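Quick one: the structure is below, and I'll ask about it shortly.
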Amino acid sequence: MTLTIGVDVGGTKVAGGVVDAAGTVLVQVRRDTPADDVAKTRDVIIELVRELATGYPVEAVGIGAAGWIDASRSTVLFAPNLAWRDEPLRDYVSAATGLPAVVENDGNVAAWAEFRHGAARDADDSMVMFTIGTGVGGGIVLNGELLRGANGIAAELGHMLTVPDGHQCGCGRLGCIEQYASGSALVRFARATARQEPHRATGLLDLAGGDAEAVTGPMVTAAAQAGDPVSTEAFAQVGRWLGTSLADMAQILDPQVLVVGGGVIDAGDLLLGPTRRSFADALAQRSRLPVAEIRPAELGNTAGVIGAADLARRI
Amino acid sequence: MTLTIGVDVGGTKVAGGVVDAAGTVLVQVRRDTPADDVAKTRDVIIELVRELATGYPVEAVGIGAAGWIDASRSTVLFAPNLAWRDEPLRDYVSAATGLPAVVENDGNVAAWAEFRHGAARDADDSMVMFTIGTGVGGGIVLNGELLRGANGIAAELGHMLTVPDGHQCGCGRLGCIEQYASGSALVRFARATARQEPHRATGLLDLAGGDAEAVTGPMVTAAAQAGDPVSTEAFAQVGRWLGTSLADMAQILDPQVLVVGGGVIDAGDLLLGPTRRSFADALAQRSRLPVAEIRPAELGNTAGVIGAADLARRI
Amino acid sequence: MTLTIGVDVGGTKVAGGVVDAAGTVLVQVRRDTPADDVAKTRDVIIELVRELATGYPVEAVGIGAAGWIDASRSTVLFAPNLAWRDEPLRDYVSAATGLPAVVENDGNVAAWAEFRHGAARDADDSMVMFTIGTGVGGGIVLNGELLRGANGIAAELGHMLTVPDGHQCGCGRLGCIEQYASGSALVRFARATARQEPHRATGLLDLAGGDAEAVTGPMVTAAAQAGDPVSTEAFAQVGRWLGTSLADMAQILDPQVLVVGGGVIDAGDLLLGPTRRSFADALAQRSRLPVAEIRPAELGNTAGVIGAADLARRI
Amino acid sequence: MTLTIGVDVGGTKVAGGVVDAAGTVLVQVRRDTPADDVAKTRDVIIELVRELATGYPVEAVGIGAAGWIDASRSTVLFAPNLAWRDEPLRDYVSAATGLPAVVENDGNVAAWAEFRHGAARDADDSMVMFTIGTGVGGGIVLNGELLRGANGIAAELGHMLTVPDGHQCGCGRLGCIEQYASGSALVRFARATARQEPHRATGLLDLAGGDAEAVTGPMVTAAAQAGDPVSTEAFAQVGRWLGTSLADMAQILDPQVLVVGGGVIDAGDLLLGPTRRSFADALAQRSRLPVAEIRPAELGNTAGVIGAADLARRI
């Protein structure tokens, strides 16, 4: 059975693993990301690939990174959290390791992992995935393949217009979905209510040392799971927006499966309950017509390594 | 050169034509649609196909109709303007005429026509089309094929959420794009301003016999072309919303070409100017990255016949 | 104890009564409104006043009507449901009956009645009232007097902007509060859901003979009181918008009391529960600062007669 | 002619002046505000009053400060930029200086100054003023008196709901007008566009040393006056929202005059042009009915001293 390497380049950590055709990770290693140094980040990746390739007969390497990747899957055009600009990453890695390589956007990689070995592994044709982190990432599979688009940059789901004249996004526009259905929005909603109505947010504020501004995403999740009403409502707000966006995806793409990933899904039905209700409301006019099921992602943080390795298998 | 028949079933007229492989319509005929009688509508289609097949050696028939079509392209599940409910139209027509047949949603048919023989004929992979009529229809081509979705009902672009808590749509939801970027919206915007500020709308009101409620879409187009400021602004409103939706399509699907069709494009840059500016504003964060061009449809009312005939060629 | 006459001119009925200083209606009569005939409507009012004045020693007459009244309270500038345009109603009535008269907008009359003898009778300084009928009317009392404004037309509360680019109002604008917190909106919301999700609206649809389009306001109230979830949610939607508008009033005018009147208040806490929650949410940043209480109106349909009669007492 | 002292307590400076009955400032002095020290801020005010009172025969002192003031105009309940919480400022100052004193909210003070001696001095009854600074302040004059409300905190105009689910306000709500019609919004809008479309913002970016994040309000004003299109559009965005809020004020209060103050009015018609157009659009349904004129404030930074001194005259 052939083996490939998957590398997941994040803003703080680089993870790499050797993965088999069934999606099983045989070994995995992690390094810190020297995010502001182009050459060092590249070196960390190469060292990590060499190390993994030493112990296993690997045939190719796949690399996932946040950013815009060109249509040939070789160059990182722009990465928001890393110093890369028009970085020919594929050829560097390939030359340095002697392995064929492919580079892919992290949202696409996660979607591919879930399609092949995760929540949508029973689907053979199509799925759409939203990855809810600090921002909102996306990946689309159609006809059994990742949708990359004419210019290589499809599935930029985080910047769909959701609220005209709404909250200003880092991208400059007012009202992108990233401002309503992300981990940042979750924290923003929870902090605001905790500041205004501290007596209702005691569970959450206890975790944050009494300071609403110190609230983090994991605190909102923990407090919500313990029944804190303000944290529960923050998840419901995020879920309602997420549900309407998933409904848009169902109407545009009509995929077999819809997947939601990212740390917020640890909250389970606290997030997905409101998401599914809002989704059903939005599609009420389709009444008895069939529509995709919404599922939580299954592969967690390992999706980046598994998906990148599986893409390497298809070079 | 083989010939096929394309049939375009509208709420008031059924049009049929014989079309060659280059998309040239050799002959075309029209009948009234007996819209509230299932059997008679079917009979009109069959008579029309028989008539056309008498004079030409046709090999197949394609039928386009507004409504939801099942994934096998044989049954009309629901048609908003016709009495059909779970109508096995393909098999009726095929049995009655002895020709292989296919049924397709009208938005898909128009998109296919423009992709093959119209505004996007230079594209070989992907396009998205909005057809702006009374409502908003859509069609998506990816990998050189119509996107039909897992349940046969992809590209329902008219009901994407555009304004939360916005104008109520016929479908029941508040704020579907159909309420902002359609011919109905154009007329609604123009009537409202003509009622409030008649002195600014004299050009338009003259066409409507002085009665704002008598304003129609073609009047708004004619008045705008003659410089009426209220009509011009109504097109600009529609264009601004259309531009943001096209931008969403560029970010989700990244197609080679974006096409806008329907009667409103007769207004030319009065519509497409504001559309393109709003599109560019929405995508400003993509800065120098390439993005699809927005083009007006080229085939007009004939798109239904041409597209259906070309789909018949691919049965 | 002196007596005065109050007349309430509606689109379908003219009601008149003799009222004492304590707000007690000694006698009341009703006539049909000949709404499209200016002279006949005037005659009906005059006959009704003469009839009432025959039996009681009345000193003045007050008249309330929907429409814009000039600053001198003598002329109806415009009435949406009646044929009056610049109608010098006060002088007609006064000349024909020999009684001093005053004309006032119906929203103001209702507010004055509740301030003097109804829900806000314990207030000595200020109140704001929303009257929720087909549309939304308003009245403001400050310094113990009706606020009439520099041009006589203050308290036009129905056309405050509530949802930018929202549902189009009869006035032409998009998103006036009248489209979200009115009886029309209640029916619109309930019909839409009943059409989309009939299985959840059986209670409401039974009352409407199974036809969502036949649903009326009183049906929504009756069904909600019987536990119909779709009707309950329609009231909650209206209440949420009403609560935000009441919060705006509290922040702008800081009155002693806020009153909500009109037929919808028959629904009691089904409307006022969501209204109060939305109001409290909107004012969370004022935390412990005092704010006006929201109360249902107490005088019902009689407010028009009582308020107009009390205004006559102050000529 | 009697003289009074006006004191304007800002977050960085305390200004005080001796003012005559005509609103002429005879002398004015300034000190730094020790903003985080309650006692020192109070001492600075007292010293400044004593100094002014030494040279002039003053009869009373008026003090304006940002914050919520109680209904008796003696206590600062809460001040966002100062350390005061339930501070009995009036009695401290009065005891220390031997002068009768009054405390008033800064938005009210500015409105009173413009009503008595500024842009609305020809009005004898009513005006509404928006003061556009970092945030949005307000003041309302009705019946020739400041509207203070039942609880002393009327005219909190900055937190009216403007965009449901819009940009999150410092107060926790989504979509307060302060997020759309303030100096902060102006800078936010300009920075976002300068970041996205630097080639269109060269005039503005030159002033900011090439760094969009270094853009300030005065830079946007200067660049707009020099023709920079991005800065001009930022003013137009603010003006459009301001116009709709002024229209709400016209419909609720129908005042004689509407005044706009704060640093942004230095931009003149760049702000007030779009403001007036948006105001007229919003009120189109009132057609020929009269409505208040929108005027720029005339007293600039001196309004705080003049208004506070005039209020002292009325103790």
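Chains here go by letter, A, B, C and D, matching the order in which they are written, and residues are numbered from 1 within each.
FYI, contacts are C-beta pairs under 8 Å (C-beta built on N, C-alpha and C of every residue); 3 or more make two chains touch, one makes a residue touch a chain.
Because the structure is a prediction, the values reported are computed rather than measured.
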Chain pair showing more contacts of the two, C-D and B-C: C-D
Most widely separated chain from subunit D, with each centre as the mean of CA atoms: B
Whole-Å gap separating subunit B and subunit C, where each centre is the average of the chain's CA atoms: 45
Inter-chain centre distance, subunit B versus subunit D - centres from mean C-alpha coordinates, in Å: 52
Gap in Å, rounded to a whole number, between the CA centres of subunit D and subunit C: 35
Per-residue multi-chain contacts in subunit A, two or more chains: 163-165, 171-173, 193, 196, 284-285
Touch-based graph of the chains, sorted into line, ring, star, complete or other: complete
Interface residues, subunit B side, partner subunit D - complex: 164-165, 193, 196-197, 284-285, 287
Subunit C contact footprint on subunit D (complex, rising order): 68, 77, 125-126, 138, 140, 142-143, 145, 147-157, 159-164, 171-173, 244, 247-248, 251-256, 282, 284-286, 289-292
Contact footprint of subunit C on subunit B as seen in their complex: 163, 165-168, 171-175, 180, 188, 192-193, 195-196
